[in-house]
Amino acid sequence: MDYVYGPGRNHLFVPGPVNIPEPVIRAMNRNNEDYRAPAIPALTKTLLEDVKKLFKTTTGTPFIIPTTGTGAWESALTNTLSPGDTIVSFLIGQFSLLWIDQQQRLKFKVDVIESEWGQGANLDELASKLAADRTHTIKAVCIVHNETATGVTNNLAAVRKLLDDYNHPALLLVDGVSSICALDFRMDEWGIDVALTGSQKALSMPTGMGFICASPKALEASKTAQSARVFFDWNDYLKFYKIGTYWPYTPSIQMLYGLRAALDLIFEEGLDNVIARHSRLGKATRLAVEAWGLKNCTQKEEWHSDTVTAVVVPPYIDSSEIVRRAWKRYNLSLGLGLNKVAGKVFRIGHLGNLNELQLLGCLSGVEMVLKDVGYPVKLGSGVAAAATYLQNSTPMIPSRI
Amino acid sequence: MDYVYGPGRNHLFVPGPVNIPEPVIRAMNRNNEDYRAPAIPALTKTLLEDVKKLFKTTTGTPFIIPTTGTGAWESALTNTLSPGDTIVSFLIGQFSLLWIDQQQRLKFKVDVIESEWGQGANLDELASKLAADRTHTIKAVCIVHNETATGVTNNLAAVRKLLDDYNHPALLLVDGVSSICALDFRMDEWGIDVALTGSQKALSMPTGMGFICASPKALEASKTAQSARVFFDWNDYLKFYKIGTYWPYTPSIQMLYGLRAALDLIFEEGLDNVIARHSRLGKATRLAVEAWGLKNCTQKEEWHSDTVTAVVVPPYIDSSEIVRRAWKRYNLSLGLGLNKVAGKVFRIGHLGNLNELQLLGCLSGVEMVLKDVGYPVKLGSGVAAAATYLQNSTPMIPSRI
Amino acid sequence: MDYVYGPGRNHLFVPGPVNIPEPVIRAMNRNNEDYRAPAIPALTKTLLEDVKKLFKTTTGTPFIIPTTGTGAWESALTNTLSPGDTIVSFLIGQFSLLWIDQQQRLKFKVDVIESEWGQGANLDELASKLAADRTHTIKAVCIVHNETATGVTNNLAAVRKLLDDYNHPALLLVDGVSSICALDFRMDEWGIDVALTGSQKALSMPTGMGFICASPKALEASKTAQSARVFFDWNDYLKFYKIGTYWPYTPSIQMLYGLRAALDLIFEEGLDNVIARHSRLGKATRLAVEAWGLKNCTQKEEWHSDTVTAVVVPPYIDSSEIVRRAWKRYNLSLGLGLNKVAGKVFRIGHLGNLNELQLLGCLSGVEMVLKDVGYPVKLGSGVAAAATYLQNSTPMIPSRI
Amino acid sequence: MDYVYGPGRNHLFVPGPVNIPEPVIRAMNRNNEDYRAPAIPALTKTLLEDVKKLFKTTTGTPFIIPTTGTGAWESALTNTLSPGDTIVSFLIGQFSLLWIDQQQRLKFKVDVIESEWGQGANLDELASKLAADRTHTIKAVCIVHNETATGVTNNLAAVRKLLDDYNHPALLLVDGVSSICALDFRMDEWGIDVALTGSQKALSMPTGMGFICASPKALEASKTAQSARVFFDWNDYLKFYKIGTYWPYTPSIQMLYGLRAALDLIFEEGLDNVIARHSRLGKATRLAVEAWGLKNCTQKEEWHSDTVTAVVVPPYIDSSEIVRRAWKRYNLSLGLGLNKVAGKVFRIGHLGNLNELQLLGCLSGVEMVLKDVGYPVKLGSGVAAAATYLQNSTPMIPSRI
């Protein structure tokens, strides 16, 4: 039943699903419970309160939906928009592409602003569109905060500023799947109307929970949005929030307790420390890539992602072979290049509950694989570059001082 | 973190989520994995094949969607129907009511056939409607196989027969949430077009997986159905089935391994033995209710459910008090009466991975609670009636002979 | 790998190993750790303090040894006595017999006071021996508090009183394996010099930890005791207690965390409530036995055990067949009759983390098995008797009021 | 309850307890069971057969005792020897010292052959003693195969050869705690009379099982050995082997299933592949130490251990500070220097279920710590040396080819 088991731990460095810490695995190790008995609502209440902290919102309303990121996207769109509504959406990689595909299939009119893969959102083009949209036909701007396929982080504050500059009332809908709880994310300060993420990313849980926060404006929009929806309907949740039982249908008991444990770990470390750790590991990874003489898929430093690094391989190498070999020889799981960058990049996910030595083990593995496939890397070079930075910047573990 | 823990095991007799067997809990006790590596598709392939056996279909196409029963409903409807389509739908209790509500909100024209709660689907009325529908405006007949709120099992073979008698092409969509894998269910033989269930019911897993099987006819319908959908879209699944990677988005690794273990247990026992066990426990429960001098909410024997028994309490007792007290004093979780029967019935769920002595423990608890709330029950009477039947009918555990 | 798995839960009613509560299973679900890092000594310190509370001692010194009850016995004897020393030891059943066998093989001179199996320790004979022992050649009195084979609880306070009456300095060594943490046990008040138990009994953990508490007098004796010992030597532990690292050799990390969880549960319920619960379940069991028209192996009420009931079967029935059949047909695990009472009694263990409905499920199973093997029991009779008592005496679960 | 938790995985590189693979953790995640029911003897039978394979013996008799390595030592000695018997015992480090201490306290006459810590057993001196012992007063030769404190592996074949050369009938008792299942070990071929190990070492389980194999000659000796013993007495086990119930007292159900899983993993990988993996990781570690410019505590290559490397630090550094800092800053658990080498060496354990990237992560951590404490290491140097070797020598994971 365990298929293809190798000796030792699997080194999981795909940008999701990520490593689950032991206390979360433990918390989920349990039988079912009656979710209508008092324990589950009491637990849920703490979860909803605490999830808001991850989004840095006090005014938002959180929804924890038993679904994936794709479902969270659908929830964000169908609760705030009506078929035929115009959306401006940025296409910068595979996940923004998939979201746009969803937007179109849900029958919105999508005005796509495309960038080369490896670049961030083209904000100049957004500015033009906002400037031109005197009648406010644009109902929403959709943006992926961190494009997981290319390792590009967009500047959300700048998007907000443009909307404010043009005094444009469009809703700002943000995919924070590979950013929230790992990158600097400020829902209230940046005026985000809907933000969302999934449990298997920086929260370091199994897949199965979509987290959505809606601003008061988004909630208002949900009252009149005409998109057909039931499973994803916020109003059903709000009805049960009022009653105090919280769930319009059966939640996963295990995931609820797992979330409690995940949140406890995050708050024990401190959310800002979690974000600083991601920044540290992201920088260390980029230093290794540089030391290997390879190019980061992300074209400018301002877009560098601290949760995933897409590494461009030389044209004579198939990046899929790197991923295959890493898994087959070193029990190392790396991310494939997707769609336009298939075969051209491989990805190192460095998000979630992860520490310095885990990353260095991964980097040493990448080096060996690079050599395996014929790239003339100097073994130890990337590790040395990363370790030099980490040895200077890693703090003591607070609970152990 | 464990809230309200009591000494000893919780006796979980709500009709879902139900008890998870240890081997399933064990199988799920694991870290995440890269779902794009070869192990997960290999595992998924066995799951899809084996899930079909639960539905007794060879021609159906299975979908395992990371959602709940409510999501599975939505998937069944949106993949086969277009807004404005006419549906005939039976209203016989809270869950059929909720499904009808969903059907209406998804913008289908729902022709509701209502029965008194406690009765099964009114098939005479269906016959009239089919007879009258010469132009075949009815696109689908929707029916809940086992209404969990009242403990009523509908006769699916009879529904099929009516459709055949009238040579009516309407799709037959069946909610098998509290029936599949517990009651006699024959997708192919009964000509069911879409059947569905959820993981936390007779499969005895955590909540989080909706299982849907679509007949070739339903699959054909999905090609032209105009309901907007992405997360629930079968076509996205089919695309990845063809590629052999199976998943349009990230599945829960833990639930996949859990499902493998759950299926292994079911096939080890034998699906027909599983169904026979439910029949045995259902009958034993009804004998106890009779011995207590209480009425079954189900009005005729033909509708008796082998997965849940709704027990009507005398008018001077509030059934919610029974549920509350069972939990607070005896660590026994019973099902509340819902909506129209709130306060009037309490429910004993007897589905999933459950055995005779667990049920007898529950029945002895119900007796004590009945006495607690002032009903003049003879302690031991229900247990005696149930045990007399069980002592005659329980087979040896095959692996132990 | 799971061998002989049956549907539903196993009903575990042997008098050890007993059911482990989920929070303990969860706490043990973990990787190894460096036991020399600060976390483990910090944890151990809390455990040693809290274990003393189970023994109701403030002056005793606790030892948690990675062994079983048999090892704990050996530790008690070899640390306090020298080969050739005279012991008075009571033989009342299989476990006292095994301890005496150990005492003899460890080369002590054992003066055995034998009772019929089903009777308690013969204290009159002890009185005579103490009276006659003017020169204090008796170095220790060894007694099993609760004889697990016959369900007999001895009166420790009375033993203490005799020693005091005769002003006899013999050490009082007590096997509390099936009593401590379940029956009234007062190490300090009853002047017990060494008391011991094992993790798989009332503490409701896996097997693997022996708990020993030594009085100051026993500790003093350990300084001069000449029995050869290393693994079981208290002095090695004391050396590491002083250093603050606590362990002379590698402990089981999992068992340490499991013990923490077990103790937390016990203190959450309240030790006195735990004991009251055992008293309640013991009495309920005896009422059932009476209702079945069967005899308790324990011959007088004063010896009735609240942790295990040995039920005498009619001569025409082989009690082993009852145990076999309970397991094979009802997934119910009962205790065999051992040695002298093999075939004549079966045992119902009712100790550890157990509640009323679990017991009633077990009793209903016993009834069915009795009928299976040809005993003319009235099904439901025992459950009715037990439930009548329990419905009157069971308190609300404090955390749920 | 989790004390001092840090982000990410703990990097556990003490030479025991070692990392437990997920399938073993999973297998142990279970409730207790009646160990007298048929499942446990059936399971035990497979375990006893398979444990022999780890020792490479077909003629030996295995004992699985719920104890630690210290208890296994005691079992080996007390079952084969009588108080006053003469033993020759090698003292080469802390663990051989502790065994000798035990031998003395168990009242054997111990003739100690001491070497400098960092050297192997002085076989010349053994030769002299055997030559001189015409009357065969030496009853046993006791040797630690792999001294965990110094990382020294002794040559057991050479010891056997000496005994044969002098035709000496002394029993050969071997501590294989940090060797069996990791180093080349051949009980039958090398004529070992008693060999032993513990579960938390190369078997990669929790602490709590001592494994002992006795040759026919050792078994014969146990019939007349006069050392007092009960808990550790092989004869009690043999009695229950004959009956087919196997256990003289309650085993840990969890450990039995864990052992089954551990053995399955070892045989799936192939025992010889497991040993080759240890050889590979051992060599890689030594290459790193060399690259750092540090000395291996082991003085000659012939004694190099493939399960633990003791690294000598420069005199101006306290090795304990390295261990402390590794844990506090990098969540890396290294082994302390013990006794004579306290403060002078730190130890890297590389045994058990471990792979290449885990080791490289550890080595990168050691480099950072070395720099932290003021040793002028070139970051990346050790990793480079190790990786260069590993990239050449690591095989594909067989199940993934």
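Labels for the chains are A, B, C and D, by order of writing; each one numbers its residues from 1.
Just so we're on the same page, a residue touches a chain if its C-beta (ideal position, glycine included) is under 8 Å from a C-beta of that chain, and two chains touch if they have at least 3 such contacts.
In this text, all values refer to a predicted model and were calculated from it rather than measured experimentally.
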item: Length of the shortest touching-chain route, subunit B through to subunit D; value: 1
item: For subunit C placed onto subunit D, the superposition rotation in degrees, Cα atoms, nearest 5; value: 180
item: Geometric centre distance via CA averages, subunit D-subunit C, whole Å; value: 34
item: Chain centre separation in whole Å, for subunit C relative to subunit B (CA means); value: 44
item: Whole-Å separation of chain centres (CA-atom averages), subunit A against subunit C; value: 53
item: Per-residue multi-chain contacts in subunit A, two or more chains; value: 3-4, 19, 25, 27, 29-31, 38, 327, 400
item: Subunit C contact footprint on subunit D (complex, rising order); value: 1, 3-4, 10, 12, 14, 16-20, 25, 27-39, 42-43, 66-71, 73-74, 83, 101-102, 105-107, 198, 200, 206-208, 227-233, 248-255, 257, 260-261, 264, 327, 333, 336
item: Residues of subunit C touching subunit B in the complex; value: 2-9, 11, 19, 21, 23, 29, 265, 268-269, 274, 277, 327-332, 353-358, 360-362, 364-365, 367-368, 371-372, 378-381, 383-385, 387-388, 390-391, 394-397, 399-401
item: In the complex, subunit B residues that touch subunit D; value: 22, 25-27, 29-31, 38, 400
